[in-house]
């Protein structure tokens, strides 16, 4: 019996295997090639660079979990939007009170995602399509808000992107958000999200409030995207209309590397965190090699291969738990 | 999207095409929108309806149309192919590179086509078992391919991402604005596109092979029971997608006269947008290339209109974005959950 | 204030889907402490009623009162005390047993019970119902249909309901399980809550219900109480057009079958590890029944016989002009004229995105036109019209989506598809699941006609009544292997039960136990 | 200090410079390297996709690096590509610092995003240099031509060529990047001085011939009205030329800034245009930053945060000298002025407090 429970527990965490192994391997490579990663500065730098990605991929997680093949393509542009408007609308008008700033970014994220959730629910269009249009719209809007990289972060953020200490403000934000995430996953609310995502018809028919669950999932996503934008602003200490967009593919990749299936069902926040970290480590490990003038191409090639191989292993391992055939 | 009402049998009702659920609703809407945009364009933009403009719109539509073909097939199975833009860019520079290395044009084209097909095959094989991860798997494939091809082209050249050189005149003529078909002032690639489209649409409508896509998209298990192999259909979709991306890359070389790896980038989300606006749901089972063609034309004409109105690339994207949801809501709403239990 | 004697009042309720009228002025009243059956042909609106009572659907017009309130959505219905087991077994494949079991018990902010309790409770319940000690953290994905059905039933019982609605919940259960279910139902009734049962299993219905409301085309056409509830009366009300007589299939004739040569045979077949291998032969002109308690290997055997799965050991062979053609794949099977019809239409039957016609035709394209050949609708259409008449399929335009048909009619389309292929052998996996009496009869008649024409049929059912007057032989499975084959007059309740429960001798005690259980 | 320390003739080049570009006294004027030569250099490149980057990389690998290695000044150059992702560029730069390079140079990135990273490097004793585009970090040295002036002169020459009236198209670079925006502002200023000239559109050429070609083709297709000239940011003249040739329209003058293909067309059609301008010749721009970097590492003490030189005009005779009659009009190479002409010793020496020839310099110890 206990054996059975074991197996069940193992099965439920199987998706974490690949990112874990990947991280270990990459850490070894880093240790051999670029040991400076393990210095105070190395870690400090890693944290400020990886935090926006971790938070962005955490933002994708509840949306993936709440089902209908939910993947938020617009996470990047939204991050960019909050970054630009924060710099352009608030800082340039002198509203730099920390409380006001945080309140604004969170509100912006929540409002956007409530709109998205409402469209998904009431227009009954699949999330990937809704967020694709969100992506396109925001890409445009961002360049209207800020036509070129410029502006500056609120001065209380000065030095947040300097990253020479492990417990930098950014690191603390990261820890708080992760802690909050695990509180969230303990809540009954999160259970409702999982039920809705696993089988919306079952959930609805059994009196699960699937509408509230979806709104909730999107609100959480909005909050995490907002904080991601905040830490990104700290990283570049300015506004940038185009950079945010690069986070969409990066975050989705981290999500999937973390073993979360875009088809719903498996996955969770821990996976996304590990996925994001391994994304950073991939980039770091590759940068420890010197490929001269073809560096960019080798990076692209190896990133692609690592992605494919991890996914492959993942799907092979989860094969039993994959779509059952006869 | 469907006429799913139950009426008493009328004698005439049970014949010919009536047997197929029409996706005409989406197509009609698309065509209506297309006409609207064209009229607005003609009124607002001087020379919008000029032959020169129509010709170049058709040309750009042909490129997008060829690129979206594979995306449509994948979407009909609930898959997605993110490697399209990267395969386009790669085949674009590789072909230019091959020309520079003095490989005979025909052979060069065949090599590139083969390459695209192989990549498509790999995509299909790799994604079959974990179909929900197709998005990232194909993306990874894209990165890998584009990286590899740039490394190859950078051999003996400083201009890796960016291969310039002699493009054979026939290829230039095939897909440059000034190209002519048998003397007619219309680039041959447009004709080629129409031909491929016509062929594909008939095959989809009129052969078991074509119907298999709908069957698998609708219910994989049931398809297996009637001896339709999900595996084969799935892989074929991706193979076609890879091959068509390679073709797109080639004709784009003829268009721009120089290899550039970034030439495919605009097609990353545009192909998806074209498919969706046309009326093929990304969840599989619905739509078809006919719908995508409408989507492609809508996007192209709209782009031309927006450029004409002086909107920046960014604003064009925004307008597309604003367009998608209403369009899809009009004809591709998923059923209300209440009716699904 | 509603009349104390009535817990559920449905007055003149209408519901339409597009142009389909599902309910057309339906009126039902259900009193406390009664087991109330809703009977009717496929598509008569039973499930729609069930959905309206549980707030899944809302009536277009008319009055719906449950304990004085109108359930507008499942959440509210749950509050009122309505628990429904829907016709389709609604479980989330990727979630664990316990998650599925307690779905909906938690509110948005508060947990109903501690995870530990939940685990303990779920293990106890499933042990009681299925006799299996199941790990609550195991995903339901890999569980057999019957266990999933039990999970859904247990879920309903867990929210100790005042009104319990079962829409064909026994369809997926075998005899023993059904008996257990009846025990639970009686308990609840005696506790004063009222139970609404939708079922096509007349025998079961007669056994357990106190009152039956009969529906036709979304209208109430009559109410039967206690002793009035008989097959004859029910049929008369459900479909007055035809008398009971003419729909009784003609009785079998052993002589012809003995004469028929072998159509399909298997030697040393083992369907799973450690199961004793066995032989079987199917003669043309014969209807071979297959049954057994759940998980005894019978459905596995059926898939082997149809070529969907290769046998674990031994070989299946189709006889063709004396020669034996081994069968190891679906393709080979169909080459040798063996077709398979599944009772699980949603999962492996219909194409929900295709029209009724294409659902019928798509299986025929290959034989008619080949892989890349030109499809011409003419010939297929002729076939379609023929089969439609033959099976009396109640379908609208052939271009309608198949999902606009009721379950029973969808099933008929699938059977029509099988017959149209002019096979030698038809393998049917519980095809009558959730199919009304009328349709069943039509089906039996068609299969009889088919065998009369020299065809052979393998027919799996967990409802033993189906075999009476119908099957020529019945293979009873036990422990993954053929336990006993009954033929001719042996095919009767007691003998079948005995075999299913592994007794070879007389089994009066067991049967009486079951009887009094139910 | 800073600008006013320069000789007056050199100060002229700073006129009309982009206002965000820092021209204060350099923080590196007393910089001492952590150790003597040979030094290891990091090149944090953000992009490798166009001929310009390629040509510049070519000069580095084939000419400058070998020379400096010869002179025993440089051990190696470590190249990183961040594919236009700021976060990656930040990570790579920090990584370069942590793995102990002695200096970092980078090209035309976001003007502000890297500032904290540059400070990080500076505090670790690693000077950062930006070429062909500036960064606002006070710790860095930015070297380039005066792009506002470049845009101005190029546009003015075109305007003169079409006699001050007609429809003009502007092919910009990458919207949002400093050098691109500076160029545009200068060009627009010049065109505005001619009432007869109408700017009928702007397209983003992305500094890539193929992109420029497609964009111009789209533009021509949707703008049937007459077009009289094209002002463009190089590299894109080859693409624009192709677009014009393909469109079947009459050829119009376009600005020439060093891409061999378009210049070759000029070689073959002498009165197509009157003058070309070097604004950011890929190899030479790199030469400046390389030169200033060596000087800084040698402790020559740069005076000012931005090293600016005026754009350089060239004529048909220079082209004749540079290209043969049978040149190719899609030649992706660049013709550049001799490095010495682009960054004369006099100018270089004036930019530092303790001038010395960087190649012959010997470390004190």
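By written order: A, B, C and D. Residues from 1 in each chain.
By our rule, a residue touches a chain if its C-beta (ideal position, glycine included) is under 8 Å from a C-beta of that chain, and two chains touch if they have at least 3 such contacts.
These numbers were taken from a predicted model, which means no experiment stands behind them.
Of the two chain pairs shown, A-C and B-C, the one joined by more C-beta contacts is B-C. Distances between chain centres, each the mean of the C-alpha atoms, put C farthest from chain A.
With each centre defined as the average position of its C-alpha atoms, the distance from chain B to chain C rounds to 44 Å. Look at where the CA atoms of chain B average out and do the same for chain D: the two points lie 38 Å apart.
Spacing of chain A relative to chain D, judged by their CA centroids, is 37 angstrom.
In chain D, the positions touching at least two other chains are 48, 57, 175. Among the residues of chain C, those touching two or more other chains are numbered 56, 86, 90, 308. Multi-chain contact residues of chain B (touching two or more other chains): 158, 160-161, 221, 312, 338, 341. If you sketch which chains touch which, the pattern fits none of the simple shapes: not an open path, not a single ring, not a star, and not all-to-all. If you check each pair of chains against the touch rule, the ones that pass are A-B, A-C, A-D, B-C, B-D.
Residue ranges of chain A in contact with chain D, taken from their complex: 34, 36-37, 39, 41-42, 45-46, 49, 52-53, 143, 147-152, 159, 161-164, 232, 235-238, 240-243, 246, 280, 283-284, 287-288, 290-293, 295-297, 299-300. Of all the residues in chain C, the ones that touch chain B in their complex are 17-20, 51, 56-58, 86, 88, 90, 308, 330-331, 334, 340, 342, 347-355, 357-358, 361-363, 365-366, 369-375, 377, 381, 384-385, 395-401, 403-405. Across the complex, chain D meets chain B through its residues 48-51, 54-55, 57-58, 175, 201, 204, 206, 208-211, 213-214, 217-219, 221-225, 238-239, 242, 246-248, 261, 330-332. Looking at the complex, you find that chain D touches chain A at residues 20, 45, 48, 57, 61, 78-81, 83-88, 90-92, 94-95, 98-99, 110-113, 115-117, 119-120, 175-178, 181.
The touching residues of chain A, counted against chain C in their complex, run 1, 4-5, 7-9, 11-12, 187-189, 191-192, 194-195, 198-199, 201-209, 212-213, 216, 264-266, 321, 324, 326.
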